[in-house]
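Order of writing sets the chain letters: A, B, C, D and E. Residues in each chain are counted from 1.
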Amino acid sequence: MSLLEVTDLRVSYGAIEAIKGISLEVEEGQVASLIGTNGAGKTTTLRALSGLLKPTAGTIRFDGQRLDGVPAHEVVVRGIAHAPEGRRIFPLMSVEENLELGAYSRKGQDYLADVGGVFERFPRLEERRAQKAGTLSGGEQQMLAIGRALMSRPRLLMLDEPSMGLSPIMMQLIFDTIGELKTAGTTILLVEQNASAALALADFGYVLETGKVVLSGSGKDLLTDEKVRKAYLGED
Amino acid sequence: MTQFFQQLSDGVVLGALYALIALGYTMVYGIVQLINFAHGEIFMVGAFGGYTIYHYLLPDNMPALVALPIVLVASMITSGVLAAIVERLAYRPLRNAPRLAPLITAIGVSIALQEMIRLFYPNADRGEPFPQLFPNGQVHFGGVSESYVNCFLVVLSVVLMLALRTFVLHSATGRAMRATAQDPDTARLMGINIDRIIVTTFVLGGLLAGAAGTLQGMVASPIDFQIGFIAGLKAFTAAVLGGIGNITGAVLGGFVLGIVEALATQYVPNGSALKDAFAFVVLILVLVFRPTGLLGESVRARA
Amino acid sequence: MPLLQATGVTKQFGGLRALSNVDLTVEEGEIVGVIGPNGAGKTTFFNCLTGMETRTSGEILFRGAPLPTRPDRVTVAGVARTFQNIRLFHNMTVLENVLVGTHPRSRAGVLSAIGRGPRYKREERKAESTSRELLSFVKLDGLRGELAKSLSYGDQRRLEIARALATDPGLLLLDEPTAGMNASETAGAIALVKAIRARGIGIVLIEHDMRFVFGLCDRVAVLVHGEKMVEGSPAQVQSDERVISAYLGRPAE
Amino acid sequence: GSKKESSSGGSGTHIVKIGMIAPLTGSLSALGLGMKNSADLAINQANAAGKIKGWKIEFDPQDDTGDANTGGAAAAKLASDNQVAGVVGTLQSSIALQAAPQLNKQNIVMVSPANTNPSLTQGQNYLKTKSRPFASYFRVATTDLIQGAFAADYAYNTLHAKTVYLVNDKLVYGQGLNEAFGNEFKKKGGRVLATDFVTGGQKEFGSLVSKVKQAKPDLVYYGGQFPEGAPFSKQLTSAGVKAAFMGGDGLVDKSFVTTLGVQTANDYATNVGAAVEDLPAAADYVKAYKDAGYKDAFSAYGPNTYDATNTIINALAKVLPGKSSIDATVLKAVESAVQGTDFAGITGKVAFDQYGDTTNRIITMYKVEGGDFKKVVTGTFSG
Amino acid sequence: MIPMLQRALRIQHTWNLPLRTCQAMAAAAFVLEVVGTNLAWATYTGFPGLMSLSFYPAGARSYVLALSVALALVAVRFTRRRQAGIWASLASFALTLQTLIAISRDGGGLVNVSAGAWITLLGTILGIIAFVALPDDGAPLPSSWPRLPRVLDGLAVVAGIGAAMLLLVYGLSVDPANQFVGLVIALIGGLAALNRLGLFAWLGALYARQQGLSLALIGLAAISFPFTQNGESYWLRVGANVGVLAAAAIGLNVVVGLAGLLDLGYIAFFGVGAYVAALYGNAGLGPSRGHIPFLLIVPLGALVSGLIGVIIGAPTLRLRGDYLAIVTLGFGEIFRIVVNTYDGFTGGPNGLANIPDLAFGSFNFGLPHKVFGITLQGFANYYWAELVLIAIVVFVFSRLDRSRIGRAWVAIREDELAAAAMGINTVAYKLLAFGIGASVAGGSGTIQAHVATQVSPDSFVFMQSVLLLAAVVLGGMGTVPGALVGAAILYAVPEKLRAFSDYRLLIFGVLLILVMRFRPEGMIASKRRQREFHDTEASGSDALSAPPGFAGAVP
C-alpha cells in the first residue's frame, strides 16, 4: 500500500475548477515529482493535500486513513509537512523562532535536538539564528522553509518549487539535501519547474496540464519522453 | 512642583486604565488587522457583568474585600466570553473579506451592544452606581496623594500587563499568536489551529477589558451604557500611539495619553476642555515623526 | 554618453553593508546581466536605482543627468522596472494595468479630465492605442478584459513587462523575469527581451537561470556580498574561477 | 402657510394636536419620560372633562434623543402637521434653539417646562439689550439668571462661602448658570477662583479634582446635568475636597443621590418652582399621576410640564370652540391667548411677561440628605 | 440563526423532494395564503387597515397577497428558481408573523388574532418548505427575459423608473409604523426574489443600453418629488437633509472608495463648510458680520474645507492604512473640541443659531412658492439646491473616475509602491483625493447650515463620520448611485421609524452587521468591487490593505 493515495481529486476557486480529477500515489520512502506548466494546478494540489483548500470531490488517503476534510493543523500532526510556494517564513520572527514553530505540532516533545540538526544541515542559518527572518535573502529563506518543515519530523515532505529564485550553487545544495532526506527515509512529494533536475531525482513523476494528469511514469522514463523533453525541458 | 507630581500621578492612574483597554485593541489588531471598534463596548458590558453579580447574586452583607475578587473575576469572564461570542458570530465569517467589511461590522457590533444594554438593562441609560469595594482613604507620597482604589488600579493593571507580556513572548501559544498574525495560512501548516488562536486573542483582550470595567466602576461610578465609547476611543488612540500591534507600545501609549491629559488639564489655558484635543495632537505629532507609533516596528514591504 | 552610469553605490542596513561601491554602466541598447549568490544585493541595487531604498552613498547618472531619488520621478525620467515578487494591480483589468503605465507620458490634469476637450480625448485615445499595441507585443491581446489576478504566473510576468514598457522607458530593469518558468517558457522570454532591445531600450536583468543570462546578455556583472566581483562578457564570466566557486558551483553547461 | 382643512371636519368632534419634543430615549430619558407622562395626564383629563367644546385633543410626542438635529427634525415634523396647535418642550435649551424658530414661523405656540437659557426669550444680547426673538415661544421655567443668582445669594449669605470654583459643561444651560452665579457672587463680594469644564460623557475627573483641591475653594458651583455632575461630586469627596458642591435643576434626579452613595457630605441643588409637597394643588397631580399607572417617575420637570400643557389647553379652550379648522388666524389667536394666560397652576401662578418668561420666580434650594433631596428653603430672587 | 439562514439561502439542499410534490405544496401554500388574506385577521377594529373585515385585503395583507402571487408565479413558471421562491415565501412568512405580533400586542394578546392570520401563516410556512425542498440543478439564471425592440426598451425604462418613484412616494405616505415595517419586509423579500429571477440583471442591461434616457428620467423624477408632497414640508426637509448628506457621501466615496484612504473624521470638513456659511454667509454671525452672497459662499466653503484638507493631509498622507484612519479621526475630534472651546467665535457647544433662510435676490428659500399652481414649502427650494449640487458633484466625480486620474487612484489603492513605480506621484494624488473629498463636504455643509438653521459641534461628532462611512459602504463603495442610495436609506428610513425610535439604533447596528455578512459590496456594487469581495481566498487585493510591516504582535 502506498503512503499517499489520491483518487479523483477536484478543487475549485469559486466557479473555476482548477483541479479536475487527479489521481496519484506516492510510495513510502520514494521521491515523487509533479511537473507542469504555469497554472497547471501543482500548487493547488499540494494545498489541497495539506488541508489549506477543501476539495470539492475525491479522496485522499494517507497511510490508509482518510485525509480529505481534515483541517490543516491536523494534517501536520498526521505526519505531512508542507514547505509552501514562495517560502512563507514568518518575517518578523527570528530564524530560531521560525524553527521552533515548525515543531509546534509536536507539543511537549523536546525539539532542541532537531533545531541543532537543521543548523548542522544549513550552517548559514546558524550564523543568522537571531536575525529576523524577513531580512534573509531568498536562498536563506528557502533553507529556513525546508528546515522548518523538517522540524515536525514528517513522514511525507511536500516541497513546492524549492529552487525558485535560487542561485545555481544553492539549487544544487537544495537538490542534494532532497537526496539526503530521501536516503534517510523521508518520503517526498516535489513540485518543480526545473523539470530535468526534479525528474533525475524522482522515482516517479506526474505531468500536469490544466488540472489533469496527462502523463506519468518513472522519473527516467519521463526524462526521455519526447513530449516532456519538448514541452518542459526546452529542447526541440 | 508638588502639583506637577500630583497631576503626573493622576495621569498614571488614568493611563493605566487606558492601557488595559488598549491591550485588547492592539492584540486583536495584531492578529487579524481589525480595528475592533466593539472593544470599548466589551469593556462596558464587563463592568455591567461585575455589577450584576454583585447586585443580584452576592449576599448583601458580604465583606467588600471578599466581594472584590469575585466582582473582578465576574467582569473579566463576562468580557472574555462576550469577546469570544463577537469573534465567532460577527468577525469569523468575514475573515477573508476586504478590510472595510469587518470594520463596518465592528461599528455595527459596537452600536448593537450599546443599545442592547441601554434597552434591556434597567437603569443603564441613567447610570448605575457601582459598588465601592475598596476602603476609603488616601496614600500620601510627599505632597502627592492618591486614593487607595487608584493605587490598587495601577498595581493590578501593571501585574496584568506583565502577565500578558510574558504569556505572549514566552509561551508556545504566544508564539503561535505571533505566527498567526504574520501569516495565518502558513501558521496552519505548522499545526496551529488559527481559529482557536484568534479566539484566544480576543478572549485575552476581553479579560483585560473586563478587569478595566470593574476598575473604572470603582474609580468613576456610576457606569452607564456609554462609558465604553469614550474609553474605547482613548484606548484605541493609545494603542496607535504606542505602535499598533505592539504590546509594550500599547501600555506606553496609554500612560503617555493619561499623563498628557492630566498635565493639559492643569497647565493649559482652557485645558479641561481641550485635554482630549491635546491627546490627539500628541498622537498626530508622534505619527508624523514616527509613522508607526512610538514602538511600532516597520519592516517595509520589499520591492 | 552611456545610458546609465552608476558609481560607488553603497547601501547600509544597520550593521549590514548590503552594497558597497558598486559601479555599473549601461550603454544605449545594451543588455546587461546582474548575477550573484542569494543575498548578494542584486535586488537592493535595483531598489537603490529606482529610489525605493535610499542609498547610503553613490551617484547615478541617467543620460548624463543625475537620476532623481523618488520612485515616481525615476520612472518619469525614463527608468522602469519589474519586481521580483510580481506586483500588479490585481483588481484592475489587464488593459487598465497597462493604461496606468502610460501615466507619466500623459498630461491631463483635473480640469481637462472634467472638461474633456479635444486635447484630452486625443491623449486618451493615444494612451489606449499604445496600450493595445504593447499588449499584442507581449502576446496578451486576447486577455485585455481579464482581471490581472486571474492570470497565470507567466502571463503576469509578461503583463508586468508590458506595463513597464508603457511608461516609455529608456532603460528597463527586470528582476528575475523567468523565476517560476519552465525551460520552454524561458525560451519565449528570451525572444521577448530581444524584441524589447530591438525597440532601442537598454536592459539590466537579474537572473539565476544561466542559460538565459549567458544566451542573452552582452555583458554580465557578478555581485558577491554586495561587491562587484567580476564584470565582462558572458564567456569571461562563465569561466572565471571565483564566479564558479561562489556562484555557479560547476561551469554552466 | 396654507393649512388644509382638518380631515375629520364636518359633524361631531374635531381633532387638535398638542405635540411634545423631549428626550424619550438616551441618557436624559428619565426626565423626558416624566414630561411625556405629565403632558399625557393633562390632556387625558382635559378630554375627559370635555374642556374644549367640539374638539378632542390628541397627543403627539416626538423624541429628540437629546440631540439638537434630531430635535430640529422633530420640530419640522410637528410644524408641517396642520392639526398641531401647540407644542410642549423642549427639555434642553440647545434643542429649543432649533425648534423655536421653525414653530414660530408657523405661529405654533411652544411652551417649555424646562428651558432656562435667557437668550430664548430675551435675545442673544440679553445682558445689554433685551429683545424677544420668537413671539410664539413661552416658558414656565425661570431663567438661569434667577436660578444662578438665587444660588449665589444662598451660598454667600447662608453658607458663608467666600470663594467659589466654577465648573460647567459648556452647554447653554451650564454656562448660563455659571455666569449668573459668578456675576451675583462677585457682586456680593465673593471671589471666583477659576472656571473649568467637563466634557459630555466624562466619568473620570482625577486631574480636574486635583486642580480643584489645590485651589481650596469654599464651594464648587457646577453648571450641568447629573450624568457628569454626580461622579464629579463623588470624586471630589473621595479625594478629600471639603468644599460644598452646588448646582442647578439639572442635578435634581434620583441618580444623583444614588451615585453619591453614603459618603455624601455637602451637596446642594436648586430647582425652579416651589417644592411639590408644599403646594396643595400639586397633591392632586401627584395622586392622579400615580393612579394613571405610569411606569416612570414624574421626575424633575413633571409638574412644570403639567402646567405648560394646561397653559396650551386653556388657550385652546378659549379660541377653538365654534371654529372648524386650524389656520393661521386661529394659531395667532392661540398665541395671544397664551400671552394672556393667568391661572393657578400646581407650581404656582402661571402668567407670562412681555418676553414670554414666567412671572413666577420661585426657586427652591435642596440639600442631599438621607438618600434624597430635602428642601432647605424656598424663595425668590429679587436682585 | 445566521448559519441556518445561510444554509437555506445558499447552495445546500438537504431534502430534495420530488419536483411534483414541491409544486403541489407551493400551489397549496398559494391557495392558503389567498384564502387567509381574504379573511379577517383581527377580532377588533382599529388596527391599521381594516383587518377585522373579510374579503377586503388591506394593509399588510395586500403585501402578503402580492408576495404569494409572486410565489405562485415562481412555482409555475420557473420551477427551478428555488432561491427566488425561498425569499418570497420567507418574506411573506416574516410579514404575516410581524402583523400577527402587532395585532396581539396592540390588542393585548394572541386571542385577538383571528383565523385569517393563522391560515395565512400556515400557508407561508408550507411555502418555505416547498421551496427549500425543491431540487436545484444549479442551472444558470433564465435567459428567458426577452430583449425588447428599441421602442419598448425606452418604455420599459420609463415604466421601471416610474414604478420606483411611485413606490417611494407610496412608501413615504404609509403612516402607521407597523405597516411601514411590513412594507419594508415585503420589499426586501420581493426584490430579493425578483433579483434571483434575473429581473435586475435584465433591467441593468436595459438601463445600460438606454443610459441617456434613464439618467434624464431619474433626474426628472428627483426634480418632481416636491410636487408629490401636497404642500407639506416634512419629507422635503428630510429630502433636503438626505441631499446634503448624499453629496457629502459622494465626496467621501472619492476618498475611501476610489483612493482607498480610510477617513474617520470626514464630518469635520462638512462642519467647516457649515461654519463658514454661518459666520460669513448671509447669516453673518461672525464677528466681522460679513455677508457673502450665497452663490459665492458655497464655493468658498468648498475652498476653505479643501484647503484645510490639504493642510491636514500633507504631513499625514504618508501614513499607511489604519494609521491614517486614526489620524483623521483625531483631526475630526480636534475640530469639534476646538470649536467647542473657543466659544467667542464659534458659539461654543451652543453653536450659532438663527441662521436665516437663504435669499437669492428677492427669492427667499424659506418661503413657500407656487409652481404650476401647486404650493411648495420652503424646503423644496433647499431640496432643489441640493439636487444641483449633487448633479455637479456626480458629473465631476464620474468624469474623474473614468480618466487618467481615476486610474491613478485605483492603482494607488491596489499597490502603492507599484503605482509609484508607474510614475504616479502617490502623495500628490492622495492629497488631491483628500482635498476633493473635503471640498465636496465643505460645499455641502454650507447648505446644511441653512437647512438646519443652526450649526453646533454636536452635529459633527465621530458617530456622524461613521454614519457617512456606513452610507458609502452600505450603498456600494466606489459607485455614485451607491452613495446616494446609502445616504437615503440611512437618513430617511429612521425618520419613518420614529415610532420605534427606541429601537432605531439597535436596528441600525444589526443591519450593518447583516449587510456586511451577506452583501459586503453594498446594495449597488461596482463590477470591480463585486469581484473583489466575493473572492474565495484572501489575496493581496484588500481594499485597504496594510503593508506587511503592519502585522505582528511584536514586543
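The rule is short, and it goes like this: a residue touches a chain if its C-beta (ideal position, glycine included) is under 8 Å from a C-beta of that chain, and two chains touch if they have at least 3 such contacts.
Here the structure is a predicted model, which means the values were calculated and not measured.
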Name the chain whose C-alpha centroid is farthest from the C-alpha centroid of chain B. C
Could you name the chain whose Cα mean is nearest to the mean of all protein Cα atoms here? E
Most contacts overall join chains B-E
Centroid from C-alpha atoms only, then distance chain A to chain B, rounded to Å. What do you get? 43
Which whole number of Å gives the spacing of the CA centres of chain B and chain D? 38
Give, as an integer number of Å, the spacing between the C-alpha centres of chain E and chain A. 49
Mark out which residues of chain E touch at least two other chains, giving numbers and ranges. 340-341, 417, 421, 502, 532, 535-537, 541, 548, 551-552, 554
Residues of chain B that touch two or more other chains: which are they? 178, 182, 270, 273, 276, 297, 299, 303
Overlap residues in chain A, where contacts from two or more other chains coincide: 91-92, 134-135
What part of chain B is in contact with chain A in the complex they form? 172, 175-176, 178-179, 182-183, 185-194, 297, 299
For the complex, give me every residue of chain E touching chain D. 230-234, 237-238, 241, 340-341, 343, 348-351, 353-354, 366, 368, 375, 377, 379, 452-454, 456, 458-459, 495, 498, 501-502
Footprint of chain C on chain E - complex, ascending: 395-396, 399-400, 403-405, 407-408, 410-411, 414-415, 417-426, 432, 436, 528, 531-532, 539-541
What residues of chain C sit close enough to touch chain E in their complex? 50, 52, 70-73, 75-76, 80-81, 83, 87-92, 96, 99-104, 106, 108-110, 113-114, 116, 124, 127, 147, 149, 163-164, 167
Applying the document's contact rule, which stretches of chain E touch chain B when the two form their complex? 2, 256, 262, 315-316, 318-323, 325-327, 329-331, 333-334, 337-338, 340-341, 417, 421, 462, 466, 469-470, 473, 477, 502-503, 505-506, 508-513, 516-517, 520, 532-533, 535-538, 541-555
